[in-house]
Structure formats: structure tokens, C-alpha cells
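So that you can tell them apart, the chains are marked A, B, C and D in the order they are listed, and the count of residues begins at 1 in each.
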Amino acid sequence: MSETDFTSNEMMTIAASRALKNTDVCFVGIGAPSAACNIARLTHAPDVTLIYESGTIGTAPQVLPLSIGDGELCDTAVTTVSVPEMFRYWLQGGRVTVGFLGAAQIDRFGNINTTVIGDYDHPKTRLPGGGGAPEIASSCGEIFITLKQSKRAMVDKIDFFTSFGHGEGGDHRQRLGITTKGPTLMVTDLAVWKPDPVTREFTVVSLHPGVTREMVQAECGWTVRFADKLEETPAPTGIELSTLRDLNARTKAAHSGGKTGEAA
Amino acid sequence: MSETDFTSNEMMTIAASRALKNTDVCFVGIGAPSAACNIARLTHAPDVTLIYESGTIGTAPQVLPLSIGDGELCDTAVTTVSVPEMFRYWLQGGRVTVGFLGAAQIDRFGNINTTVIGDYDHPKTRLPGGGGAPEIASSCGEIFITLKQSKRAMVDKIDFFTSFGHGEGGDHRQRLGITTKGPTLMVTDLAVWKPDPVTREFTVVSLHPGVTREMVQAECGWTVRFADKLEETPAPTGIELSTLRDLNARTKAAHSGGKTGEAA
Amino acid sequence: MAQFMTLPEAVAQNLNSGDTAAFEGFTHLIPHASAHEAIRQGIKDLTLVRMTPDVVYDQLIGMGAVKKLIFSYAGNPGVGLLRRLRDSVENGWPHAIEIEEHSHAAMANAYEAGAAGLPFAAFRGYKGAELARVNPNIKSVTCPFTGEELAAVPAIRPDVTFIHAQKADRKGNVLIEGIVGVQKEAVLAAKRSVITVEEIVDDLDAHPNACVLPGWAVTAICLVPGGAHPSYAHGYYSRDNASYIAWDKIAAERDTFLAWMKDNVLDARPEDFADRIKHLRSAA
Amino acid sequence: MAQFMTLPEAVAQNLNSGDTAAFEGFTHLIPHASAHEAIRQGIKDLTLVRMTPDVVYDQLIGMGAVKKLIFSYAGNPGVGLLRRLRDSVENGWPHAIEIEEHSHAAMANAYEAGAAGLPFAAFRGYKGAELARVNPNIKSVTCPFTGEELAAVPAIRPDVTFIHAQKADRKGNVLIEGIVGVQKEAVLAAKRSVITVEEIVDDLDAHPNACVLPGWAVTAICLVPGGAHPSYAHGYYSRDNASYIAWDKIAAERDTFLAWMKDNVLDARPEDFADRIKHLRSAA
């Protein structure tokens, strides 16, 4: 049972959610990953452990949090620890199997920039910065990335190496003494990408339903490589889609309402 | 109002208790110091903060604990933290004004041995070891010591430097880069001792009521120095004595009782 | 030893122009009232420290109170970028600020080292990350046992840390519950601390292992109900999300920003925060 | 992922002769039942780690299960010295054990570093203390910012850590309350962990910031009511002080020691602990 009427954003979130296993311990990055991680939890991976950098471990929010530090993350968590403990015992301690990151700018090797557009000292656009990403990228067992494709986001050369993916490719991680796998999956609104086993360049392995190679290339700033055996991403199932839509509806209802908001 | 009928142990505990101020934050060492610290809290220093290395901060036990980790220390504490936090944030953080130590063996410069009697590798007697003492001795603002005098305990040369007092005397602490004051007071069952301002050798400044210089020397393994102006320790007041005796009675009642104790 | 006083008194006594100051909070319990009071008192040349500078740091920067920012993630949480910070960094308005940028792991470890009285923190980090190129305060140490090279950053030791907490008892012991962030470390790392609280109670009624700061480890406590608005205080009131969204528009232009600051900060008082959270009180 | 099993199964699956093992607890929640099971299974050549080795380590040493002891304070709490440890160190009975001795600060930091996945811990310690002369695992590192020299010790990384806790839920999440000691760190620092608990419940009902070990960070959970006897379990039963006093006499002679071990350990079972604490149950 699959639905044919879904948006590319819905497809992205659902395809990303499928990558998480029930036994994973997942460090949930800011933004897009949060929806994917919670859909995984609400569908095929009810026991997946979700960790947010605010210190909430094993959280199970009813609605998507507005930030990584919402009260509901704490209310539904197995435990909430201090931020130093989170980064020392839980992330650096090597206990997290998957780090799920978004990206403002990314290159073909999964290196991510969320720091600046332009020169660091005189930036064209000052972005938020790395937050937890630099050590999520090196300490988690592997890294999943999810983002909406655009030529502005997927670039030949990123302006700043906020977090390290596969560097210049090949065994660059090992040469830096990083023992974790790094980016092993990227899910966009158009396709599923995996790194080439040798070069580590992200390669399209699956096109979402209705998406062509040309559409993927049109929204990517480098020359896209496609796998020899290119698959089609299974469309969202009815359950996946209704779970996502219910979550979004609950989230919208919970976070809107008649608040004045004039005195920030 | 003072009592004339008291034991030398009672005099020791009470004289030691007088050294703590209401504003002190005191790290309470194992053994003899515990009674002195709690008598201070129960008499002139009701707001003194007592810390035990088990992680209990601001504790106010009704009876003397059997160990540094009794449940009552936690029940009456302002908060109970983990042992790593205790040693990192609270002791090393420089927040403790007084460390109160006992001693199995001590020399004239307040260096303490609780590790071995005899050679370290082939000891005559294996003692418990340093526990918290090495860093209590260097991290607390100053160190108070209390012990019952004997030639076996107060020796010319200690067998092992478990914790550093004034080393060889003089500015030895500063030469090692230790910025805290070290031992500033020693209270025995016979006298009150303070370090000479220059040599740092412990010097008797006050004899307990009824104690002579000869009695102090008879129970000390080095040639005792006496202050030019030797005072007499004020005898315990009625309140001090009744507070101590009540505490000891409560403690005895709480910790005895008809328990079998056969299956340790 | 904690002294109870008004927030204007606490800021006047504990925050000086030129200080290194942390107004800490991790989405939860952001000390807005304290930052507003600092702005009202015209404090300048601050070196501001915080893992997650958000709206309130945007305000301090936009008002020209900040010389330098030490941080790891600067954003309007759940909304987007900080427009006053961008205007300063990209266009130099009202003046350019100096930036010392770290990762969260580095900042968390640096606060922890500060609380522990250590001069630096060592951690496994910054591998392949470019911040190590642009931030001279990222160095390394070598493990004397394994030879592994680890990242090292200086401990954070603010002159003063401001936090907001749920409650204090009459002896000045302070309870923080829920997402506790890095506030305990930020207070213990600082020379002085000012804590605004939702209420002052006879008994904290705290779990034995809850996050409690003893009164003798705190400098000043100020009763400011609602003092974390528009962020939230777990058990007291929820986040005013509309205010975060509104901020994006207010901060977009210098004029609207300055007008808003006059009405809501310069001409306001700490007591006004209580009104701002009335509609956000927890049902509990 | 935590597996529920019997204590004999958990010891058989997780403790091997030659392992480095920590049976941790800080006066509170000492895992006596686990140590007795290890003795019954005839495990040998252990490197035992603990800040405060007490009666239960005296028993392991006296039974010849121990090759090396890493510790910072060895005593019968509130009573005196450990006579079986002394007999081993002073007289080599049943054999001499190797000693690696630290201060509490060093051990606490070393566990913390182990939990944090670091190879070593740096702290301000051992100044003027002679342990640095006799223990080659005490080295130093230099702060790359201030030049200050700090003490360094290797992280503790046991093959297996045993602790006793108040309760677990059915997903294997474990709650420790009261004096929490260094147990969380000891579990997280270890490759494997075995946790005996007083009870298994549907809901931990834990304070959000209480000391909880998630089930996926734990190897085995065993229901052993009374398993901390003669130490105590906060909220469940009090310390059996008479047993600690009695131990001093039992351990004084090799014969009385061996006889006691036969009756109370070798010929006993984990289920016997429940009886031993019946008279010590908290009124609550």
C-alpha cells in the first residue's frame, strides 16, 4: 500500500526515517533531521533512542520540538543530563551509533558548512556556526545527512569546513586519525545518495518516484554520479504518510495559538 | 560557665570544633574530624557547610556517621553530587575553605602518612591509604588536623608522604607551586598547635587544662617547641560538653541495637 | 554567600563595562531580564560568552554593548539567523565585534574545566574541522600514556555569570530542573554570579541528586517572575514562540529594532516580565 | 542492550579470569551479591579496581581471586583496616597481590575520563605526595595556554563493572539515588556491565535529572533483593553495621575467614541476600 499523492519534502523525511534501525542510538541534529528521526520512532523503530544535544536521552516527543531544548523533550526522556555530560560521556564516549545532520552547504564528500558564506573574517552571510556538528561528525558511528537540494546548498567547494565528512575523499578520515565511518547516507528531496566505496564521493543510488537524473543534476552544484544499478525509492506507505501528516498537524496545533509575541 | 569534669578526648574534639567559623566550607576527613565539625555546627557555627567526599554538600546529620557515605549524610544535605563532581568542581574548584584531616602518622611540619608503616613495597603495616587527603591537603584554603597524641603517631620522620603539609618547612609549599596555606592548626588531646610563621614547624600555643609541657613532650616523637606566650585552652563550656555528649549518646543509640551481623 | 537583592542592584554590583560575562541557558531558562537590565544600565565593551547566543545576545549586540563574542551556535532557535549579529559581523553596525568561535563540545568542556578550576580542557574534537585554523585558542595536548593527540581549549572563567532558575530557598540555595544545560558549570566557573528566580520558597523540596547550587557558591539572587521570557521555565510557563518569530521581523531593520528596544527594554522594568508570561503559565 | 538474567548467568557471561573488573560503590550500594557469585564461580587472576575497596574486596583477596588491586582507600568503613588485604600485602597469603595506588581525586578523574572515552585524565593533584614516586602511572601534562603542569593518570577502562542499584524498569533503564558515588562513570567506562537491583518496576518514576543509566548502555540486569548487604540501599534498607564490626574479627584469622566464606558464600546463593536484610528494611 503506497500513496501517490505526496510532496518531495514528505518523501525526503520518510526516506530518511527508513535508515534508522530500532536499535540505533541517534544524535538528532538541528532542523530537518528531527522530523525524520521521530517518524522512524513512530513507525518501524519504536525503540530507537533519540538524543538531543540539550541533554535529553531517549526522548519521545508527541510533537516536533521548536528547538533542541523544548520542555517536551525533557518530559518524555528517559533522563536529562547536563550539556557537558552529554558531550563527554554520551557523544565522545562513543555510545552514539548515528549522527543525523542537516546542512546549509555541502560538497560531494559530505563535508558540511554551517559557519559562513564567503570569507570567514569578512563573510557575505554569517550562518549560525557548527554547534555540535564538528564532534557529531567525528564521534558517531556513522553520519546520515538530510537536506533539500539546491545549487546554493550542494556546491563544488564549500566556503568553510564546519564539520568533516570524507574530506578530499578516499581514506582522508583515516589519515586524520578519525576511526568512525563518517557520512554513509544522504537523503534529499529528490534522491538517496551513498558514498562510493573507494572515492567516498556521494553517488545517487535511488531516485524518488517521478524524479529524473536531470532533475537531480539541475539542483546540484557538482556533476552528479549515479550508481550503475539505480533504484527507485519506494513511495511513502499510507502509514508513513499519515504518521508524518499527523505529526505535522499536531505540531502546528501545539505551536500556534493566540499568543501575542510582542515582548520578545 | 565551664565544666571541670571532661576527658582529654572531649577537650580535643571541642577545641578542634572551635576553629571552624560559621562561614566556613569544610571538607570533613575520615574519623576524628567528623565529631569536631559537627560539634561546631551544633554550637557556634550553625551555618557551617560540611562536605563529605561521598558527595554530600551541606550535610547536617543528627548522629555521627559511621562512614563518609552514610544515608543520613545524603538525607540532610543541601545536595548530593557524584564523586567525580565532588573532586572536580568542589574540591579542585577551590571552593573549600578548610580541610579537616586526621592522621595515622604526622611530623612536625604537618606532613601526614596514612599509607604504610615501614617500606612501601614491603610494609610492616599496610594502612588504608590516602583517599581524598593528597588533594584535600593542596586544594583547601587551609588545613586543620586533629589526632590523639602518641609517640607512634607523632614522629620525627614519617614513613610515607601521603599528603603534603609544609614539607621540610619554610616556603616548601610555594616552591612546589602550591598556593594554599596548608596546615594552620593542629588540635590534639593535650594541646593546640600552630605552625611557626617562618619555619612552619608546629608549635604548641595552648595547653589544655591540667596538661603540662612534659605531658605533651612525653607523647610526641620530636622535641616539642612551645610558644613564648603559652596559653591555656579554655575548658569546655557546659553547652559544648552537653552537645558533644548528647551527640555521642544519640550516635551510640542509633548505631547499636540488636542486629545479628553474622552475614557480612 | 548569596545576597538577596533587586535585579538593578545585582547588575550594578556585579557587572562592569569591559567584563567577560555569560548569560547562560540552553533554550530553557534564558536570563532575558538580566540582559535587559544590563542594557538599561548602559554597560559596554562586554566580552559575551555563551554556547547558544540567541535573541537576547542579538539585543545586546544591536545595542552596542558587546566587544567580543565567544560562542558555538548563534541563532534564533527554531526560527533562523540572528539579524543584529549579522549586521555587526557583515556590516559593522553599530560596530564590528570580535568573534571567538568554538564547537559545542569545546565550549561545554571549557565551562566544565572552568568549574573544575583547571586552566584548560582536553577532548577528542575538531578533527578536520576548520575552526582550528581560524581560532588560535584551539591547541592540542598529547596523552602521556597513549601518545594520542587531543584538542585543547582554555577554560572559560567569566567575571560574572547570569542565569535564571526555578527557585531559591531563603538560604540562597538554588534549584534548576529539566534541561539544565551548562548553567551549573557557568556559575561555578565565574568569579561572581547573579541568579534570577521564579520564586523564593521555604524549602526547595529537591530530589537529593537534583541540580542545586548551594547559597555559598552564589553571589546574588533576585526574584524576577517571568525573567526567562520569551524562553520557558519548566513547571512555570511555556515558551512564547510567537515572540521568537516576531523577533525575526523586529530585528530585520535597525529602526524597528531600536524602537522595540526603547519600548520593551529601555522604558521597561524587571517587574514587567511577570505580565509577559501570564498567558503562558503551565496548567499545572 | 540490557538483558535480564540470573546473577550466576550474568557473572558467567561477563566475568572471565584475568579480567579487569570494578565492583563499585561508595559505602552505599556495594555489590556484595555479585562479588560472592564471582567467588563461587572460581574466577581468578582479577585486576580489581575500586576507589574504596572494603569487606567484599577483602573477601575476594582472601579467597585468592585477585592478581592486582587499583585503589585509593582500602578500609573496613567505620571499623578499621582490611585484614585479608594486609595478610596478602604484608605476608603474601594466599599470595602477594600487585598494588597500583592512587588518590581519590585521581581515581574519580580516571573513571570520569573512561566514561568520556578519553585515554587519560588531567587534574591538579599529587603535589608533594609520595604516591607519584611509587606509581609509574602518575605522569604529568602541561597546559598549552598557561604552562601549568598538571597531574595525569590513565583512564580506567574495566572489562566489566558490577554495581548494585535501587531499581530497573522493564526496558532495562536503571535508577540510582542518594549517594551515587562513581557508579555511573564506572559502568560507562567499562566494556560490559552487570547491575543487580532491588526491584524491577513498570515505571522508574525518576526525577528528570536523577542518575539513570539507559538500558542500551547496560549489559545485564539481575534482580537480587538485598544484594548490597551488609551495605545499604537508600530507601530500601539500612546498613548492617554489626556485620562490619563482626568482619573485623572474622577476617583476623585465616581459619575463621575460610570457615565463614564456606558457610556464607561458597555454600550460599544470591537468593539468600533477601533474608539478610529483612530486619533492616526501612520503615518507609
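In this section, a residue touches a chain if its C-beta (ideal position, glycine included) is under 8 Å from a C-beta of that chain, and two chains touch if they have at least 3 such contacts.
Please read these numbers as outputs of a predicted model, since none were measured by experiment.
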Seminar exercise, completed: Output for shared partners of chain A and chain C reads D
For this session: Taking CA centroids for every chain, report which one is farthest away from chain A.
Result: B
Exercise. Using mean CA coordinates as chain centres, what's the chain A-chain D distance in Å?
Worked result: 41
Exercise. Just curious, how far off is chain B from chain A if you go by their C-alpha centres, in Å?
Worked result: 57
Exercise. Centre to centre, by mean C-alpha position, how many angstrom separate chain B and chain D?
Worked result: 28
Exercise. Mind pulling the chain D residues that touch 2 or more other chains?
Worked result: 112, 116-118, 123-124, 178, 180, 184-185, 208-211
For this session: Would you mind listing the residues of chain B that make contact with two or more other chains?
Result: 74, 80, 88, 92, 139
Exercise. Which chains are in touch, pair by pair?
Worked result: A-C, A-D, B-C, B-D, C-D
Exercise. Considering the complex alone, what residue numbers of chain D touch chain B?
Worked result: 26-28, 51-52, 55, 71-75, 77-78, 81-82, 85-86, 89-90, 101, 103-105, 108-109, 111-112, 123-131, 134, 149, 178-182, 184-185, 211, 229-230, 232, 234, 238-247, 250, 264, 272, 276, 279-280
Problem set entry | chain A residues within the chain C interface of the complex | 30, 53-56, 65-71, 73-74, 80-84, 86-88, 91-92, 115, 120-121, 123-135, 137-139, 160-164, 167, 172-173, 176-178, 255, 259-264
Problem set entry | Of chain D, residues touching chain C in the complex | 116-120, 122-124, 137, 139-146, 148, 150, 152, 154, 177-178, 180, 207-211
Problem set entry | Touching residues on chain C, where the partner in the complex is chain B | 1, 112, 115-118, 171, 173, 184-185, 188, 206, 208-210, 212, 214, 216-217
Exercise. Touching chain D in the complex: which residues of chain A?
Worked result: 23, 25, 47, 49, 57-58, 74-75, 77-81, 88-89, 92-95, 139
